[in-house]
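Note that subunit A is present in both complexes that follow, paired respectively with subunit B and with subunit C.
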Partner chain A sequence: MTPHPLGRLLNILDYALSSLRRRLLKNLLVFAVFTLVVFLFASLLLTRGALGDMAGRLLAAAPDITVQQLVAGRQVPIAAGACERLADIPGIGICRGRLWGYYFDGENGANYTVIGLPEAPERWPAGLSGAVQGRLPQPGERGKAVLSTAVRQQLGLEGRRFFSLFRPDLQLLSFEAVGTFTASSDALTADTILLAEADIRHLFALPEDQAIDLLIDVVNPLEIETIAAKIADRLPGVRVVSKGRIAKTYRAVFGWRSGITATTLLLALAAFVILAWDRASGLSGEELREVGILKMLGWQSGDIILLRFCESLLVSLFAFLSGWLLAWVHVAYFQAPLLRPVFLGWSVLRPQFPLLPPVAAADLFLVLAISVAPYLAATAVPAWRAATVPAHSVL
Partner chain B sequence: MLADPWAIALLVSGAAALLLMALAAVTACRVLAGWRPDEDSARQIALEDQTVLAALLVRYALLLQIFSLVLLLGAATSFAGVLAGAMCAAGALSANSFGLPALGIKLAAVFLYGFWLVLHGLDLRSEHRPLVRPAFTLLLLLLPLVAADTLLAVLYLANLQPDIVTSCCGVLFAPSSAGGFSLFDPLPGLTLPTAFLFLASLILLAALRLRQGASARTLDFVLGLGCPAFFLMALLVITNDISPYIYALPSHRCPFDLFDRATGYIGYPLYLSLFATTFAGASASWIAPLRGRPGLAGPTATYRRRAFTLLLAALPLFLLLCLWHPATYVLRGGQ
Partner chain C sequence: MRVILDQVRKVYNSGETNEVVALERVSLAIDKGEMVCLEGPSGSGKTTLLSILGCVIAPTSGSASIGDKKIARLPDHFRTSYRRQLVGFVFQHFNLLEERSLLENVTLPLYPLGVSPKVRRERALPLLRRLAIDHRRDFPVRQLSGGERQRAAIARALINDPPLLVADEPTAHLDRPLAAEIMEIFAALKAEGRTVVIASHDPLVFTHPAVNRRLALVGGRLLADPSGER
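Showing the complex of A and B:
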C-alpha cells in the first residue's frame, strides 16, 4: 500500500529528529555557529528597527519645513523678516524664527545645544512643561535656564543652581538652573540648555533682526513638498529641509550603517556555509552504513535527500529561533552593547534612550533569506552525495 | 545602495541561485555528453544519479528564486522609504532602468524553473527516460537567464542613488499628458476589461473541456498561448481598472500597494492565484505534445488532470478577488 504523502513526510521528519539526536555533537557545532550568525544579523536588524522607530517618534514633533540661509555653502543666520516674504504662499500655517546654537565647553570637550524659549507661551512646543522637573523661564524673566541631567553633571553643578557661560567677547554670563529635563525626554534633550530668547541673543551676540533658521508648519501635510519648493523659489540662497526628507535621510543612514556592518558579517556567513558544507560532506563510516541499510530496506535516493533536507531544515529552524531570541534579549534587554556604537557613534554627551525593537515580518524574512537560504543551498550537494551511495558498496 | 541589508540578502540569494544553477549546468553537460539510455554500464548508472542531482539543484534554485522575488519586492518597498520621491515599490523599481527588467526576469525565471521541474518529473515517471536530452538542453539555456537575473539585480542596486528624485505610482501610472514620465497611460473605456474577461472565460472553458477528457489541439493552443497573454493582460487590468476600486481612489493606480496592510494584503492571494492559473494552464498545454513519447502517456495525463483542477480552482478565485471591489462598489451605489 502506498503511504499517504503527508504520513511519509511525517515519518521522515521523525526519523530526521532521531538522526539528529544520534549525532548530537556534530550537529551541536553547526547549530551553535548557525545561532551565532543569526544572532549577529538579527541584532543588526532589530537595532536598526528600534532606532528607526525612535527617529520616527521624535520627528513626529518636528516642524514640517526648516529654512536655513546659506552663504558660500555654510549656514549663517537668516533675516527674521523672511517670514513676511512667505506670508502670501497659500497653505503655510505658522512661520517663526528659531534661536539656537552650539556652546563648546572647553573644560570637558562637550558641545551643549542651547535653545531659545519664545517669549509667548502659546509658541512653546507642545508637551514642554510636562518634560521639565521644576519650572520653565517665565515670559520676560532673564537669566533662568532649564538643563538636562547630563549637562548638570558636565557643568559640575551637583546641588548648586548657578552656572556661568562665556559670550564671544569672553564676558561671563551667570544663569540660574530653575528646572531639569525629565529622563523620558532624554533622547531629545540630553545635551540641551534652554534659555529665554533674549538671553540666547545676548549669549551668542545675535542682532535683533536675525534668527538661526525658520520653522514652518504646513496646514495640509500632503502639500509640504510643494510648499518647500515654492519657498526655495521665493528666498534666494536658502536650503529648505522638509520633515519627510529628514526621515528618509535617517532611514538611509541607518540602512547604510547596518549594511556596512552586514557586509563585514558576510565573512562570518561564508565561513559558516563552508563549515556546513564540510560537516555535511564528511560522511563517517557509520553514516555510510546507515544509508546502505536504509536503501536495503527500500528507501529511494529521493527519500534520503528528503531526509537530509529535513535534517538541515530542523537545524536551521532551531538555530534561527534561538539566534533571534538571543538577538532580542541583546537589543531589548541589554540595549545592544555590541552594535550601539556602530549606529550612534561617540560623543561626550550621549542621549540615554531605551531601544524598543519592533516585531517586523520583513526583518524575520530578511534574516531567513540571509542565513537559512545559503545554508540549505550548501547542504544540497552533500545530501545528494549521501543519497547516491550504492548500498552494496557499504555493506 | 549595495550596502543595505535588503540588497545584501538579494545578492546572497542571487549568488546562491547562480552557483546552484552553474553546478546543475555542469551536471547537464556531463549528462548530455554521455547519456546512453540503452546501456547498463556503471557510467550510465552514475549519470542517472547525476540527473537526480541536477533536479535537486534546480529545485533549490527555484526555492531561492521565489525567495529572491519576494526579497526584491520587499527591498523595493524598503528603498521607497529612502529614495527621494518614491512612496512604494513602483517608485523604487523605476528609480533606474534596471529595476523593472530585474523584476520581469525574476518572474520569467520562476515560471521556467517550474516548467523544467515539471519536465523532469515526467521524465522520471517513464522508465525510458525520454526527456533527458530536451530537459538538460533547456537547463543549459536557463543558465544565461540566471546570470542575467543576478547581473540585473546587481546593476539595479549599484545604480540606486538616494538623492536622485524618482517618481511615485501616482505619477508612473497617471496620464503622461499631465506632465512628466508615465509607465503607461490609463486605458479608458471597457475594451481592456472586456477582453480580459473574455480571455478568462475562454481559458476556463478550455480547461473544463480538457479536464473532462476532450482532446482537441485547438484547446491546448488556446491555453498554451492564452495563459501567458492572460498573465500580462491581468497585470494591466489590475493596475488600470481594479486597483483604483481597492484603494477607493480613482486617481490611485498601482500594482504594488496591494501588498500593503491598508488593502488587507489582498495582493498576496491575488497574485498567487494568478501565478497558479498561468503556470497550471501553460505548463499543462505545453507538455501536450509529449504524450506520444514512450512511457509518458500516463504521467502526462495525470499531470494535466491535476493542473486543470488547480486552474479551475485558482482562476475563479482570482476573478473573485479582482471583481469583488468593483462589484461591491457598483452594488452599493458608489459607496
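Showing the complex of A and C:
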C-alpha cells in the first residue's frame, strides 16, 4: 500500500496532538514559559508601535519649525521681533512668537505646562474648540483658564471654579476655570493650563517684546530642512528644531528604551531555548520505547522526525498565538501597565492617551522568527536522535 | 508466501572485542501456510533469526527472501516498507503503548500509510470482534488483562493483512488456558494460508497440532528437527 502524503501528515498530526495531551503537565510548562516570552516580546513591539503612531499623530499637529534662543546652552526667551529678520526667507508661511512655560506646584509636587492662547482666534490651533468642554477665554478676556481633568484634580477644583497661581514675585493671581480639555486630547493636554497670552505674560513676568520660542510654518514641507538651515544661519545663537528632527528623537528614545528591554528579553529567550533543548534532548526510557515500537510497526525515521516536528510546531505555534493575543490585550485593552513606565518614565501627571497598537506584519514575523524558529531548531537534533532509535531495540 | 534463508550469518559488533556470532550459516525454507516452531535456549539466536525474517535487521552475509522480495541487502527505508507490507509481529512483552487505547494501538501501523481514521476503525473492528476484545476498544491498554493484551498484539500484527506472522514467545506470560486460546488463534491464521513462525520454549506451542515443523537453534546454528520429523 502506497502511503498517502496528506493523509500521512494528518494522521501524524493527530498522533502528535494526542501525545501532547498525554504529557500534559510537561507540555503545559513549556507552553506557559514560551507564551510568557512571546507575550513580553510582542508587548514590547506593540507598545513601541503604538507610541510611535501616537507620536506621529502628535507631530502632525506640530509646527514645521521651532526656533529657541540659547544662552550658555540653556533656552531663554527670544525677541519676538526675530520673525521680522526671517521675513525675506522664501518659503516661510507664518512666523509667530509662542508664550508658554512650566509652573511647579510645590504643594502637589506636580509640574504644569502653562500655554498662552493667542488673542486672534485665527491663530488658534486647528480643532482647539472641539477639544474643550465648556468654553475658551474670549479675545481680550482676562483671568479665565482651561484645564485638563488631571490638573483640576491636582488643584482640588472639584466643585470650585477659582484657583490661584504665584508670580515670580510671589504675588498671587486668581483664575476662573471656564473649560476642561476632553479626554480624547489627553495625549497633548494631560498637564496643561491654557491662559490668555496677556495672562501668561503677567504670570511669568515676561516683557512685552519677548516670546518663549518662535513657531514657523513652511509652505512646502519638502523645504523644511533647507529653511531650518537658513534660519540657523540668519539667527546666531538659536536652536532650530524641525518636525523631522523631533520625529527622529522620538524614534531614538523609543528605540533605545525598547532596545534595552529587548536585550533583556533576548537573554530570557536564550535561556528558554536552552531549556527546550535540554528537555527535548533527554529522551526518557518510555519515549525511546515508544519510538522503537512505532519503528517496529513500520514507521519510517522520517515519520518519527515529522511527529516530533509536529509536536514542537504545535506547542510553539499555539504559544506564539497565545502570547501575541495576550500582548494585544495587554497593550490595547489594559494599556500596557507592565511596559508603559519603561517608555514614558515617571510623572505625577502622566498623559492617559490610549495606546492603539498597529497591525504590523513585520513585528509579527519578527516575533515568529525569534521565538518559534529557534524552538524548532532546538528540537530538530533531538528529533533526529529519536528517529535513529533502531526498531529492534524493543525486541 | 514462501520464506527462504540461505547461508545466513549474523555477527554483532564485528571486528570488536565484544564480537558476537548470533547466527552461523543458517539455511531454511518455510512454505506458504506452514507453521514453524523455533526452539532453543536463551542466546541461541532465535530473536535474531526472527528479526531477519521480519525485515527488522539485515544479515551480515547470506541471502534472505520473502516471496519474490529479496530482503538481505535492503537499506533501512525499504526494509521498513517491506516489514509493513509483509510481516506481522507479535512480541513476548506485547510492546503496546500503555496510555493509548486498544483501538489506537491496533491501528498504529496504518498511521504512516495515511489511512483515514474512519477506515482505520473499519479495518480494526472486525479484527477486534474476531479476537473477542472489541468491547474493550476504547480502554487504555494499561487496563487490559494479559490475555487481552496478547490478543491486542495479534490484532495489531494483522491490521495490514500480512502474509507472514512472526511471534516471539507469544505465550510466555499467559496462563495455560489463555496460552491455549492464543495458539488456537495462530492455528486459525495458519488455516487462512498465512505463514507463521513462532519462537518459543513452551511445550504447549511446539506440541500444538497446527505446528508443521520444529526447528532447534543452538549457538546460532540450526540443528535437525528436535521432533525427528521434517
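Going forward, the second predicted complex is superposed on the first by the 368 of 395 C-alpha atoms of A that agree within 3 Å, B and C clash if a C-alpha of one lies under 4 Å from a C-alpha of the other, contacts with A are read in each partner's own complex, and residues count from 1 in each chain.
By definition in this document, contacts are C-beta pairs under 8 Å (C-beta built on N, C-alpha and C of every residue); 3 or more make two chains touch, one makes a residue touch a chain.
Computed from a prediction, not measured in an experiment: that's the story for all the values here.
With both structures placed on the common chain, the touch criterion links A:32 to neither subunit B nor subunit C. Touch criterion not met for A:205: it reaches neither subunit B nor subunit C. Contacts of A:271 after superposition on the shared chain: neither subunit B nor subunit C is touched. Look at A:293: by the touch rule set out above, it reaches subunit C but stays clear of subunit B. In the superposition on chain A, A:301 contacts both subunit B and subunit C.
Once the two complexes are overlaid on the shared chain, A:317 sits clear of subunit B and of subunit C alike.
In the overlay built on the shared chain, the residue A:8 is in contact with subunit C alone; subunit B does not reach it. Residue contacts after overlaying the shared chain place A:391 against subunit C, while subunit B stays out of touching range. The interface of subunit A with subunit B overlaps its interface with subunit C at residues 301.
Subunit A contributes residues 41, 44-45, 48, 245, 247-248, 251-252, 255-256, 258-260, 262-263, 266, 269, 301-302, 305, 362, 365-366, 369-370, 373-374, 376-377, 380-381, 383-384, 387-388 to its touches with subunit B in the complex.
Taken in their complex, subunit A has these residues touching subunit C: 1, 3-12, 14-15, 18, 22, 289-290, 292-301, 303, 391-392, 394-395. Residue ranges on subunit C touching subunit A, taken from their complex, read 47, 50-51, 56-57, 76-77, 80-81, 83-85, 89, 91, 95-97, 99-100, 104, 108-117, 156, 160, 168.
Subunit B contributes residues 1-9, 12-13, 16, 19-20, 23, 49, 52-53, 56-57, 60, 63-64, 67-68, 70-71, 74, 77-78, 81-84, 162 to its touches with subunit A in the complex.
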